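Dropping the structures in below, format is structure tokens.
Both complexes shown next keep subunit A, but they swap its partner, so subunit B is in the first and subunit C is in the second.
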Partner chain A sequence: MELGPYILLASLEGSVTAAVLALTAVGLSLVFGVMRVVNIAHGEFFMLGAVIAWFVAHSLGGNAALGFAAALIIAPLLVGALAIGADMTILKRLKYDPERTIVATIGLLYIIQQVTLMTYGPEARPVEAPFNTRLAIPWFEWGDDGFSLYWPWGLSTTSYKLAVIGAAITVLMGVWVLMTRTRIGLVMRATQADRDMALAFGIPVERVYAMVFGLGAALAAFSAVLIVPIQQAHYLMGADPLLLSFIVVIIGGLGSLPGTVLAAVLIGLSDGIISVFFSPTLAKILATLLVGLVLVFRPHGLFGVRNG
Partner chain B sequence: MSDQAKIIALHGGLILLLFALQFVLPAYHHGNLARIMVLASYAIGYNILFGYTGLLSLGHALFFAAGMYGMALSIHHLEWAPAPALLAGLVAGILVSGTLALLALRTTGVAFMIVTLMFAQAGYLTVLYFGEYTRGDEGFVIQQAQRMLWGVDLSDPVNRYFAAWGLLTVCFLAALWLVRHPFGRTLIAIRENEERVRMLGYNTFAHKLTAMMISGTIAAAAGAFYGLLFGYAGASFATVQYSIFPLLWVLLGGAGTVLGPFIGTLFMFYLIDLSSGITTAYMLIAGVALVALTLFAPQGLVGELRRRFWGWLP
Partner chain C sequence: MLELRGVNAGYGRAQILRDLSLTVRRGEILCLLGRNGAGKTTTMQAIMGLLPLMSGSVHLDDQEVSALSSHEIPRAGIGYIPQGRRLFAGLTVAQNLEIGLRARNSGPEVLDDVLSLFPRLRERYRQRAQTLSGGEQQMLATARALCLQPKALLLDEPTEGLQPSMIEAIRQVIVKMRETGVAILLVEQRVDAVLSVADHVAFIENGRKGAVFPAAELQADHSIVERYVGV
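Coming up: the complex of A and B.
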């Protein structure tokens, strides 16, 4: 068979990856942008979202759609609350010192991961998708009798995957509106621009920080709930989203939301297409080296703007 | 007693105590202590960069693994004797740390941490990628016959203990000498205020480069010895976890103290050893310790000791 249909399929799969990645990375980017905190535990918030989704769907039982819808609301709320708790008990006490918070979030990573291992166990568990219709993908060809459509064998996607893309776009628009059109967003941007000045104008900076940290974690959890019907929940599943989010945030320019989304689409799509041709390990090696080298030679990111 | 005499008595005393301990310890703790001494050497290497130069690396597993694989691959595939193989491990450490230092030292602070983390991760993935030679996660065993160093069988517990003790002694004394030498003093000055040191006319980049290479080479030596003494090399030693461990040990023992890395490794090793009897999730202890140390005791055990009682500790 020709290459075209495969590329189409790979870019569709890539769009799903990109959608979920964009959500996760925007969470990381928000936290870094506003708080100047590199949250190494971000991947574990993602993992917690998936695990909580399993617990919710499993304990509700019955209708798959109902359990999934409940998980979509409960998981981000719980994870967000946990993150706010971590912010108030740990990060605030460290006065958001960049280096010490990294060490603390590494500790947090192991705490969350290992507690999940002790309670949830080492198994990978699936969550049923609310709907999952198989959709065949058409492809065209120039035959003897001109242009025609046909359905190559085995080439298909599911309605759920398309819904994931839609949901991610909706939430991203929501975050965009929140940041640019609301008072809360204004306060967040003011804190990002100049912490001391914001404080002088009476903005409760610490409360803003707690909220941003919670929001960032909730976004990660939300995207994990979206992906869990495709990927299964496992206590080690946080490592890859963390790495990919890092790549996206660094390439997109630290703390810039449009850059982050753009980079997520770029990385997600190319990840889908590259993994058709290269071994996944080699792709990961190139990706990690890319992040390292970008940080060394272009510290403001490929699309980042130099500020301050 | 002068400070000089106190320093010599305390540090020399520890070395002698460790030497004497091997005649009295039961077999289990005897084996543990040999392991701790090699790992403590790794921590001493880490401490030179983190504790004395003030550069927090999240990628030291790369150097540890460079030493380990430099040694193990030349034994396994080239059938070298242990002595040149150890040397190969050291050379691998020097090359890798020098290269990473040239790249990573262009950045500072958080970027330095992320860059070292990313390159170490790339190193780990490279070990997996060349699984044909490295046997990936599974790793490979170095046979007893291949571990005869100048006719001494390093798989024998007593010889192993001596070798580990020898490595620790060399690293320990080297660190003690280094941090009291003008070069080491300059590193401490860089940690405290790099701008000012540069203004005084020092080439801070060259100092940091040298510090990172010394640190990486000691880590590589520890990795090479670890593989040789315990007869195994595997990709798990290149994971992020093995970059976090020395940070944890040094933080616990006390960053910027010569004794700290050993004390920290000793305590954390036994803490994890004891807790792994209760639960498989032993990394939980490491996580809790990391958070608690950053929150409540950023100075570490020996650091607190120095702050409260022994101001003369190097």
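Coming up: the complex of A and C.
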């Protein structure tokens, strides 16, 4: 097989990574942008989404599609509710102080992780995809008799992977509409711009914060449900998405949603391609190097806004 | 009527305001004069509930607003025009005004009234707030507060860094608000600009209230101002 099909295959795998990463990172970016809280527990909300998806699918048994659909709704709602509870009982009492919330969310990370280990256990468990048809992809060649298509061996994807990309794009567009076209989005952006002035104009900032924290966690949980048929649910699975989300959010510019999505596509695709041709470790090294370069040359990220 | 009764407040353990009592009647402009760091801006933040009171209380008409949570204080009818404007960056003129309108569920006729006071904002309606000129930003900050149909209005250095024509426009709006019976608390550095518009002037020093004079009296005898503010 020539080089072209390999690159196509790698980009397809990379797109799935990018889609899930974009959703997770947008959650982290929203929380940082509006609340100025660096949420170290974000990866654990992701992990909880996957674990809850397994519980839901497992207890419903029978039909894979039904169990998965239920998980897609229940997991983000439960995780969002848990995050709102954590916001009201912990972060609010710390007055959203930037340093103390970092320590608090580190604590939250270990609590969630250990409780999951004690209840769900150390096994990695799969959730069955609702549909999973193998789709062969054609490639073209210039033969003796001109242009022709053929199906190289191994060049394929699954209908589920394409659906993951589609679902992620749909939800991201939903978040965009929420932020730019709705009343709640306006209130969230005003709070992000100036917290004290938001208060001075009657915006219940604490309620906005609780909602944003819940929404951020729900986005992480949603993307975890999407990935769990490909990756399996495990109590330590939150570390990688957390690290990659931070990389993406820093490159894209803290608090900038378009920057976050663009950086996720960049990191996801390059991760896929570099992992196929070289090694996954090299992909991580290059991503981290990129973060370093961005921090040196554009400290506010590619799309970051300098705040007064 | 806006009334502060024995207010003590500060940042953390650093107390700024000490037993500060002030009264601003409806249809009156009271100006706070004092040196830098005397506690003028802190007074306004304390009224808005942006810093916690150590003791004392703030009343608007018969309501004790200092007992409300911070976001409910503007809903009681206090409009705040902070120093440095502090518009919602990234939001358009229309969206900044919308935030103001929603605070007290003001209707579209309020928006019309406010925009007729500042026709310039109508031209800039879809522009982002940070792209406006300094004077236009001050107009927007004022308009945003007027969207609350406030019973009391707090203005913190509204003419800072503006050209004379803008200062005059802002001044006229303040006088118009006084005519409609709004209680106005004004902080201003430029003494001359103040004396022509204020009814009373209260001096503030180290967070304590000094004497209160009718503005006319200060206009007649300028030495009082120099004694307190020491220019």
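Methods note: the second predicted complex is superposed on the first by the 298 of 308 C-alpha atoms of A that agree within 3 Å, B and C clash if a C-alpha of one lies under 4 Å from a C-alpha of the other, contacts with A are read in each partner's own complex, and residues count from 1 in each chain.
FYI, a residue touches a chain if its C-beta (ideal position, glycine included) is under 8 Å from a C-beta of that chain, and two chains touch if they have at least 3 such contacts.
Computed from a prediction, not measured in an experiment: that's the story for all the values here.
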Comparing the two partners subunit B and subunit C, which touches a greater set of residues in subunit A: B
First, second, both or neither for A:A200, with subunit B first and subunit C second: second
First (subunit B), second (subunit C), both or neither touched by A:N39: neither
First (subunit B), second (subunit C), both or neither touched by A:R189: second
Intersection of the subunit A residues that touch subunit B with those that touch subunit C: none
Subunit C residues within the subunit A interface of the complex: 48-50, 70-75, 80, 82, 86-91, 95, 98-100, 102-104, 144, 148
Residues of subunit B that touch subunit A when the two form their complex: 56, 58, 103-104, 106-107, 109-111, 113-115, 118-119, 121-122, 125-126, 128-129, 244, 247, 251, 279-284, 286-292, 294-295, 298
Subunit A to subunit B touching residues, read off their complex: 38, 90, 93-94, 98-100, 102-104, 106-111, 113-115, 117-118, 243, 246, 250, 279, 281-282, 284-285, 288-289, 291-293, 295-297, 299
Complex interface listing, subunit A residues touching subunit C: 183, 186-187, 189-190, 192-194, 196-205, 305, 307-308
